[in-house]
Amino acid sequence: MDSPSMSAAIRALLRRDLLLAYRHRGEIANPLVFFMIVITMLPLGISPESAVLGSLAPGMIWVVALLATLLSLDSLFRSDFDDGSLEQILISPHPLYFIVLVKVFVHWLVTGLPLALLSPLLGVMLFLPEAGFTPLFLSLLMGTGVLSLIGAIGAALTVALRKGGLLLSLIIMPLYVPVLIFGASVVRSAIEGFPIAGELAVLGALLAVSIVLAPMAAAGALRISVNG
Amino acid sequence: MAWQWFYRLGSPRWFYEKTNRWIPWLATVTALLLITGAVWALGFAPADAKQGNSYRIIYIHVPASFLALAGYYVMAIAGAIGLIWKMKLADMVMKSAAPIGAALTFMALVTGAVWGKPTWGAWWVWDARITSMLVLFFLYLGVIALQGAYQHQATADKASAILALVGTVNIPIIYKSVDWWYTLHQPATLKLTSASSIHPSMLYPLLLMIVGFYCFYALALMFYTRAEIVQRERRTAWVNELVGAAK
Amino acid sequence: MTSSPVNTTLLELKQLTCERDQRCLFTGLQMSLEGGDIVQIVGPNGSGKTSLIRLLTTMSSDYQGDILWQGQSLVDSRLDYLNHLLYLGHLPAVKKALSARENLAWFSGMSQGHTQLDLDKALAEVGLEGFENVPCYSLSAGQLRRVALARLHLTPARVWVLDEPFTAIDVQGVKRLERLLAEHAAGGGLVVITTHQTLNIPGIKPLNLLDFQADEQYYENAEGWHNG
Amino acid sequence: MDSPSMSAAIRALLRRDLLLAYRHRGEIANPLVFFMIVITMLPLGISPESAVLGSLAPGMIWVVALLATLLSLDSLFRSDFDDGSLEQILISPHPLYFIVLVKVFVHWLVTGLPLALLSPLLGVMLFLPEAGFTPLFLSLLMGTGVLSLIGAIGAALTVALRKGGLLLSLIIMPLYVPVLIFGASVVRSAIEGFPIAGELAVLGALLAVSIVLAPMAAAGALRISVNG
Amino acid sequence: MTSSPVNTTLLELKQLTCERDQRCLFTGLQMSLEGGDIVQIVGPNGSGKTSLIRLLTTMSSDYQGDILWQGQSLVDSRLDYLNHLLYLGHLPAVKKALSARENLAWFSGMSQGHTQLDLDKALAEVGLEGFENVPCYSLSAGQLRRVALARLHLTPARVWVLDEPFTAIDVQGVKRLERLLAEHAAGGGLVVITTHQTLNIPGIKPLNLLDFQADEQYYENAEGWHNG
């Protein structure tokens, strides 16, 4: 018997996950809306002055992007686990690395990418200086990819546990520190007129490393979760 | 044959019986080191020119800080051994290392804060080293929480080992980035001065304390691991004999 | 399906021992499963049927003894084995937001592509004609399981491992499924099944787990290497 | 037949939920840890200077308390829904109002209360001026109660939906605005030396109103969710 | 149990019609259920058994016609009815983090208190002796359902509504349960049950839903009721 084609399997998974995302399109808007709401709460809780907000904007937008990603991570493998699809995926003969990568990619496509696309609007709302807009977009584009990838490890580790949401935050947050620091400082450097190529390169390097390593760790974690 | 010792090391029973004999010695050495160090540090080392006596807290703060970091690597390496060679004992060591490391990290944070109050006039500052210590503390908490969350012990061990390993990859990155972040901000007003400038009369008791803390760490790890062994192997014949003998 | 000679040994269980929570479920389990066999794992609740199935599907490797696939230990031949395995578990692995057809398309993509006509035919075979496009959350318990069962009509896999496939299936459905299993066996396939219902298939081989219980619950030697 | 005693039923539920919280005690610490982590991320994203942080502290701590509550809300009824307990609760003859109240109380006990107790530590880390500590504690103590109560409505409305987490945020966030405004301004007023009795009284009033109304709304929402 | 005369009419279904997704499941359903009856709802998958049960347990009120409880419409007599109702659904309502005994204690507290001795006796009755203190996540599928079934040995309720209670239960267990149902009926109780297995209880009354189908399935094309 021919062994089943891997590319076909990956395409089937990609199609299914995109279809699911489309069916749940109401929920796709949620990270965005969450993002927007927190951004509107901040002036309420802190100060509505444009000078204050403008100086906080880079860090604030990044912290909130991080939270929004975190919130959506829990469901990355959860529904597959709950209905038994994950068992089926694990005993399929295809390398788990690529399967995780596909799932993370879809996750980024429906959370990280829209966040990045939405960032100019938020910049306007928080009085971000003009020089910061493109760097904000670029840093979010790459940074959210890293967030999704690292987050997948946490999601895989906690998928078998009920109420994993907050445990997931605890596990993942410390690992997000470098992304946050570099992401926010790209924007701040740009505003202050410094060159940002170096910092963007660091983000790129983080992305490259996590594309290689994170799905591997997540794959191992998935096997353990389902085994237990 | 060459792997014999490694195999035996993998046996909790062997470990339990060996440590039975090590512990009295190690405990004596630890007590000697810590008592000598403490008496020397508190009683005989000279007061600092600028900080007076408050600096003496470094004799706890600095060793605790060292071991907090070293403890993470102990935990991660034990986790890796448990994952790769499926050694039960390594899993137990990893599980035991987490709370000890977290406690030491916590101790470093608290003693640092207590020291900060007279030195900087604030309990807390967002200094690079301090911040990364805090992040390390969270990494520990994550491992502990994950251990506790799984009900099945073998799964808990493997899952937290993966997390510990991912953490090891990240720790250098975190430290580098926090450091870089701090220099970017340059608050410049406050800095932890480097340890090398310390006067020898202050340094020797510090060295004693550091070695003492290492011994103490080993001792604590043994105790924790032994408790873990008894707990996990409670259904085996040899533990039952042990408990029976104790009764 | 590539038809193969009946009566070749496919799986061999060698002195299999499985413990859970320090309780020995079965020990010294010895059996060879051949093409053409239908093996029903029998035993009361909690006797270890599902645990055995998790070993046979490689989802758990927490056992002593050995499982051979075509003469080779599963540890080495895992990938090849998975190419020939189909598993249906307690959980149906059906996405409720997708229709029956979309669910089946994913399954088929993960193993071996099929045309939409094939899919619809398989759905008709399990009595879901007219329900191809209905999202699965508005199917009844039995219909939902039938979506999962439709895979049996598509798969080229030679080894079928089914954990209580008759749950929620009505009398007619059970009869059809029995016929399908018999056909698969006749074509040289192997079926391993658990169910508490008495099956009406001639030549079915029972594997009673009570025959392999430990004489005494011994824990002399739980020390040493942990098989994980 | 005697109709079963309500107080006994409520005690049984209270005991069970507290027991569950105790069994999952690892997760109880999570909102706290989340709280701590976000508070750590802020200086990283924004600025480590004490002047900047001190002025942000009241609003920031409140926004984060709100997020921590929000994150833990999803599981309020979710696990009861998933395993069928919610059905059983709904068809018990006891008034749903009290049952919801008990569940919310347990939720507050394991999230809101610890957050309030932890607030001084966070105040220190964010350089909150000394005058703000007691007001922060008091406002959190009352405010988190309101957050849990209002949150229960959202949790009840979304319990039947998969991936409710973010939808829940969306529904609940706007309702949290008054709590946030008054909570943060209590602290800010205190720092600036204004009297705070009035604002605290408003928080108290919000609490009283939501104790009466929120469980009713949540009870209705639960019936609808399970019915659908 | 307060014993009551057999053969009093407890529930009456009057011209009951139920639709789901615009498809008529049954119509003109007319039956009176008396103390002493064991009624088995019969019908193939998707014929509306669970839907009917949701009406009988007041979880859904989406029907035309009327249901009378002791002569009074359910709308008015709901609370009194619930005092006499015990329902076991597809979902077991068992908390996996709690032990069997703790789960049962909650159930019993929600209806009528029992001593621990009673609870342990009930657990022994369903074959869980020795498993009282094991957390339920390490029970097998059948054992988990047995925890739920143990309620039948404690409840004073007169009306038992059971949706596929035999799922995952072994042969011995099915026999015991059959005996229990017969006893309950003999004591004047009413049992409404769905299952696809043939029950071995003398005097069981079938209620075949196929007898109450709308004359014509007036939905030529399945497109009409695609959307949920």
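In order of appearance the chains are A, B, C, D and E, and numbering begins at 1 in each one.
In the analysis below, a residue touches a chain if its C-beta (ideal position, glycine included) is under 8 Å from a C-beta of that chain, and two chains touch if they have at least 3 such contacts.
Here the structure is a predicted model, which means the values were calculated and not measured.
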Fewest touching-chain hops separating subunit C from subunit D: 2
Remotest chain, subunit E as reference, centres from CA atoms: B
Interchain centroid distance [CA atoms averaged], subunit A/subunit D, Å: 26
Computed distance of Cα centres, subunit D from subunit B, in Å: 35
Whole-Å gap between the CA centroids of subunit B and subunit C: 48
Centroid spacing, where centroids are CA-atom means, of subunit C and subunit E in whole angstrom: 30
For subunit C, residues contacting two or more additional chains: 62, 90, 96-97, 135
Multi-partner residues of subunit A (at least 2 other chains): 24, 79, 162, 167, 170, 173-174, 177, 181, 227
Two or more partner chains touched - positions in subunit B: 135, 138, 141, 145, 149, 152, 154, 158, 178, 181
Partner subunit D, residues of subunit E touching it in the complex: 2, 57-62, 79, 82-85, 87, 89-98, 102, 105-113, 135, 156, 158
List of subunit A residues in touch with subunit C within their complex: 1-5, 8-9, 11-13, 15-16, 19-20, 23-24, 79, 82-85, 87-94, 226-227
Subunit E residues within the subunit C interface of the complex: 20-21, 43-50, 90, 127, 131, 134, 138-143, 146, 164, 167-174, 196-197, 222-223, 225-226, 228
Residues on subunit A engaged by subunit B in the complex (per definition of touch): 153, 157-158, 160-161, 164, 167, 170-171, 173-175, 177-178, 181-182, 185, 206, 213, 217, 220-221, 224-225, 227-228
Of all residues in subunit D, those that touch subunit A in their complex: 24, 26-27, 30-31, 33-34, 37-38, 41-42, 44-47, 55-56, 58-60, 62-63, 66-67, 71-72, 74-75, 78-79, 162-163, 165-167, 169-170, 173-174, 176-177, 180-181, 184
